[in-house]
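Think of it as A, B, C and D in the order they're written, each chain with its own count starting at 1.
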């Protein structure tokens, strides 16, 4: 047959695992969506259908849930590392494992201290707000992501986030661009800049003996914070410029991060033309905008620490 | 022809209007999705296609954007009332207008005070957190909703929310139910209770002369808060019981609300059977759960102030 | 407590049941999404959490799957009728059952008769196309829907469809409408008319003794066909006119249908203004259109057989 | 600054362009979603925000619509090639253009020849089915995709499809796999095999002088047909085996295709355990299945013509 098998991988995708940890009456929650992709010596299953080298996807699912019980879930990254190592180290034909994780965050519901459903008590109007021990509301902001790849020798960890929607209502301009025969856009000296940030960053850490493992939770919080600061604090002449500032800020402040990639739609907010109705609609006076769906600008770029080798793929997929 | 025209309505749906208000350097944001549905003397357009009584949906769209500039957007409800009254009062063939609004909330990005993209300053690590004046991140939690109907005489206001995801990791039981030949479910004395709250509540206020208009923003915040409190504070033997507590709490605490309806999926979190792997997985020890997609229980009910007439329809739609 | 319980219902939603029927080597497929909603004497579960009157949603799920095996699935409607009657007739506290069904249609994969994966054979290029006996491809067009309600006495059957996307590239005009101060729309004498048809129709049949049950499969096929014919054959001056023709055609041709409701977005296809580039873009020459997302016109109406009582709710929901 | 810019690209995504072509009274439709991504000498816009080298995304949008009028849309691939070449050849700083296209297919509505809305005529019951000249219904099956990349020298064309949902109700087994301590899956000798095919294939053609350009429409139809044949005709011991057969069949039959990649979820259809109800549920008798959502197996692989270099990325994204 004149065809050959190229790169291939398989596994169970989107295992929705929730782990509760009880610390006395206080509960903690980890809510993940874990996808497993294994590759290795798998020619036979493609050519003859022999499954002799196949660890069933169902078993990879069971492993995710069992590991959550056996090891707990310290962080998306730490959990993914455990799983990736397990599949490669325990299953001979498997030479590489890639674990992808989405994490959904929850916050505690604030309670008033009241337990009755009666009329609003004084307590519930006071400032003494307590937090529930075991009641949570989904935060609903960005989704945290992680991808861990292990090839039997070293670990590659990509952390990230998606659907972090941000907006600057001023300090954004767009002018001085190329004009050709298809150009109709007017220059704008005070526009809204809005985007849904999707970002993936790569850690230097490779899991070698003696390397100190990053504090993944702390690292994530800092990366997100610096990204938001840079977005808010950049007076922007293009979304590319803002993106680059966001990337630089993360790399400048987190020494263990080698590269970061962004995919950011330009969520257009068009000033509505109200002149047919005798109305002015200027940014300076507080304008009315139409939030458009499609088409949208799409800006993508990688920012690297000087000397780092780019390894994050161009297209950021979900799973 | 043996057919006749029944109820009908038309208008422009999903007008995505964003209004910025500038207060010196401090900006405020209202981000709405407004849908218009008009009805009235519209037989002709259905039978002959004559548009003589039709205010084009395009015009209703223009009106939404123009009104946002002319009147600002004080709240979803207030904006909807203005629009509903306008269409009925200004356009003869239109006798009823229904405005539906979704509102997306934003919070200010916290800034460090730093403006440089340099190495992390002392300031950014201190507790002196500032808020940006014109930079926002979408909160991403629930979507607020409102429906305003005006028939030329009185106004009906339904406020609401959807996609408020909540979870109790304990204080939920389920037992004592009917068993028939198709029953396999085991009783559970410590389960996770999770749901996406969709709720709509009706205000007594009808816009009559002399009636004091509610403070819609304050009312919404209180309704949501009481709902969350009741969810967190109810030791639950069924999702129905929790729902009823949530509804009662809102009606007990907000005198202007006559009825409230909920549609709440039972988002099942099944304890994973880890016994094949020699592992115990008990709630009391901090269990591992599988968060299921479909099927799901769906619990729907209306709670009324004693004496109130139910007017909220059974099925809560988006638009 | 000053609150009382209003209308309520509960059950398992979105049971995804697939039934294969084997007729020798030839297989047949029914692919449904079944949602159950029960109501009755359920005050206690809301007030005290007592489940003594509650048939668990898990049991309603089991019943759906068991019934598919015991009775087969003749049609969405027939299956729903069986289920609705079962829940009310077999479970004392339940007085009304509403079953909602979505059905996904499949067609057989055409085969060439070849079984080798070798070079294209003469057979595969001939017109002798065979159909596979057990291989299917999802049709992907509309989703068929049904809602069956049984209150212990009579059955109400609503059949329907959604997401049937249709487009006329001409024979659509829009002019002669009301102009007010917010009107900017230009009249159009040759426009694209496109919509996603969502429709629900009610059958006269109530399941009384002696009534002849409709052939649900045949009835559905005819209703869809007449709808499409009316859409294609109406020279349209408004989407309302087209909608009314579609409804009339169904009621005129299917004597057992009492009323039909439509919810049809006007999926705008705007002629692109290419004049800045020195290009004409006229419908008559074959124009280029921009297919817009939001906002969109939304046209909703009920068409009734003369004398019929409207019972279909205004808003068509999914589940 | 210790950071540098890596790979980057920008452009307008998801331009929804519909082109009508009129051939007398007979209309033809092309319905595309076109995304543009440009890269080149773009360091400055990232570092300083200078847009001197930036062709605005708005201009790329205008170009898409203008080209649809000026050149028509012969096929997704041909249209993408025109656009990619234009951006690189006409805009100095741009050195590479990547055009991604989704295409939605429509079929003509069958008409009865009747133009009245009266009672069902004899004609509409006869077999003389005509097709409408300008009325279409969206086919709704798979979405066709294309990606064209031009770097100033050669063109790379990836054709593809996604969301082609197929199912074999028998001729699928799964057994003989690895068992470890986390294995619970039972072997199955007669199961349903179902998947949503997403596939991308690369053409040898590079646009060099003298090369004969493929007939893209014909090529697509054949690739899809061979894929479906292989799916239907393979007696399968694993989804990987089926996938490989599908890929081989395409490459064997289409000499111009060098490689093909698939991403195929194993859409699990689990036989429901009806034994608690005293019911057998065997595949051989026509079983009842539960169609699961998540988790799902995910099988991905590339099949290459012997000697070809793999160039299709591992993860198939939408846009």
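Note that in this section a residue touches a chain if its C-beta (ideal position, glycine included) is under 8 Å from a C-beta of that chain, and two chains touch if they have at least 3 such contacts.
Computed from a predicted model, the values in this text were never measured in an experiment.
Considering the contact criterion stated above, the chains in touch with subunit A and with subunit B alike are C, D. Among the other chains, C has the CA centre that is most remote from the centre of subunit A.
Put simply, the C-alpha centre of subunit A and that of subunit D have 26 angstrom between them. Inter-chain centre distance (subunit B to subunit D, centres taken as mean C-alpha positions): 37 Å. Subunit C and subunit D have CA centres that are 26 Å apart. Contacts with at least two other chains are made by residues 15-16, 62, 66, 182, 184, 248, 252, 276-277, 293-294 of subunit B. Subunit C makes touch with subunit B in their complex at residues 1-16, 35, 37, 42, 45-59, 61-63, 66, 90-91, 93, 174-178, 180, 182-185, 236-238, 240-241, 243-244, 247-248, 251-252, 259, 261, 265-266, 294-306, 310, 313-317, 319.
Listing the residues of subunit D that touch subunit B in their complex gives 181-182, 184, 276-277, 293-294. On the subunit C side of its complex with subunit D, the touching residues are 15-22, 27, 29, 31, 62, 65-66, 68-70, 106, 109-112, 114-115, 117-120, 124, 132, 134-142, 163-171, 192, 225-226, 228-233, 245, 248-249, 252-253, 269, 272, 274, 276-277, 279, 281, 283-293.
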